Amino acid sequence: MYDIQERIAISFKSQGLMATIDAQLVLIAEGEVHIELPFSAHLSQQHGYVHAGAITSILDNACGYAALTKAPPGYEVVTAEFKMNFMRPAIGERFLAIGKVQNSGKLLTVCTGEVRALSGTIWKVIAMMQATIVNVPV
Amino acid sequence: MYDIQERIAISFKSQGLMATIDAQLVLIAEGEVHIELPFSAHLSQQHGYVHAGAITSILDNACGYAALTKAPPGYEVVTAEFKMNFMRPAIGERFLAIGKVQNSGKLLTVCTGEVRALSGTIWKVIAMMQATIVNVPV
Amino acid sequence: MYDIQERIAISFKSQGLMATIDAQLVLIAEGEVHIELPFSAHLSQQHGYVHAGAITSILDNACGYAALTKAPPGYEVVTAEFKMNFMRPAIGERFLAIGKVQNSGKLLTVCTGEVRALSGTIWKVIAMMQATIVNVPV
Amino acid sequence: MYDIQERIAISFKSQGLMATIDAQLVLIAEGEVHIELPFSAHLSQQHGYVHAGAITSILDNACGYAALTKAPPGYEVVTAEFKMNFMRPAIGERFLAIGKVQNSGKLLTVCTGEVRALSGTIWKVIAMMQATIVNVPV
């Protein structure tokens, strides 16, 4: 796990979008990755809440990196597709995206994920993802 | 259509995320909306291409505003869910998201969309969306 | 719960497709419904395993009826959309579809579900669903 | 195309489910396949319309076989995942599923599809699919 943690940290840092939206990588475990995003008016949709696209961006990464923890040596991962449900507006001080591997095959990994909106010590699930990620040789 | 065009333009301008990623609203027609995004390293994933999350953000908006052109008077729209397929890396100078209404009911609108990567005069479809949008009273 | 259990049992019995494929309603709880399907060559795809369409049929019902347990009085439910991932071929003696409500709003319910293939006492998850279900007045 | 047409016809005939629901393969072209299903009370949901699972079954096949027309020699196809939207109840005398390849890579093919309900000479689109299909060596 040490190597993969370092590899994910380096990859995350090289993503311009994560810096632009100020997202942080907060947990890397076997088959599970967490990414946090603070609220910012720079990420808003028309009502001032965080835009679905920003929420999707951190959850896509959380699922993709979770899949990477399960990829065979010498492989990297590419998101083939995902589906998002948005259950509540993204209202909160911070947002936590949790991506989890549900099944990892030689070729394809299926992940699920959720984004939680955090207000003080209270959190609510605001969005859910089901994603298919492909292993490709580096 | 005039009122809805103005309403969409105002809504688009009020989205912090669209300014942050420098996206432009380029076409509003009955049931169809186009949004353009220039390449920027600030939007990159780990290989320097545009991040799937930025691509999804403009297509989500294109589909949502396309749905709004068909919403009953006194209603606004909320994205309930979408599914994205990513067929090619987002390589190009500009990206054009095209959202189209496929079916609009009283309650739900189904849209499809695509994002085209533009390099000079050549474009390729890099991503596709199928989305469900809800009409909610303003 | 008694009324809703009876209502679901009657609805299930009135579905011609469930009789045709010999599916059984095996559990109705608050926010969770299980449906079982025995293997049959009448449901096969080209390799002799159970067809993805039959697997989807029982999981769509499990999610829909799970949503119905949470619908307001005087409402029924309609599946607006779902997404299925197929992780393994449907090989087994029996298949158990488990549908669960993840979020129920006034208008929309989001469910997730899985289908397990059972061989003796061993089971494996072969498919997963994320679905959006609409409450409509009866 | 001759070989692939024969191969698809043989595969279709070997599917127990297609016989059980009485579906017919009606068109095979490069990147496009049509499958027809007559109405039957044996396929109904609780209101007497055709069940979403039967509609999904024919469209899954139409997309899968469309993908097969584009697969490299020596490969067959497996549905990794699909997403369905249901826009109208499946009311009609016959139902036509149309699957089309949108993009075919070495590994993955993305298809879209629709199901039309036919009543006399009138048809309406009742459902739409976006699917990801994997090429696997035979």
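Going by the order they are written in, the chains are A, B, C and D; count residues from 1 in each one.
The criterion applied here is as follows: a contact is a pair of C-beta atoms (placed from the backbone, for glycine too) under 8 Å apart; a residue touches a chain by one contact, two chains touch by 3 or more.
Only a predicted model underlies this, so the values are computations on that prediction, with no experimental measurement involved.
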item: Of all other chains, the one whose Cα centre sits farthest from subunit C; value: B
item: More contacts between chains, A-C or B-C; value: A-C
item: Whole-Å gap between the CA centroids of subunit A and subunit B; value: 21
item: Rounded Å distance, subunit B centre to subunit C centre (Cα mean); value: 33
item: Inter-centroid spacing, subunit C versus subunit A (mean Cα positions, whole Å); value: 28
item: For subunit C, residues contacting two or more additional chains; value: 80-81, 83, 85, 110, 132
item: Interfacial residue positions of subunit D with respect to subunit A in the complex; value: 80-81, 83, 107-108, 110, 132, 134
item: Residues of subunit D defined as touching subunit C within the complex; value: 11-12, 14-17, 19-21, 40-46, 51-54, 56-58, 60-61, 78-86
item: Residues of subunit D touching subunit B in the complex; value: 83, 85, 87-88, 102-103, 105, 110, 112, 125, 128, 130, 132
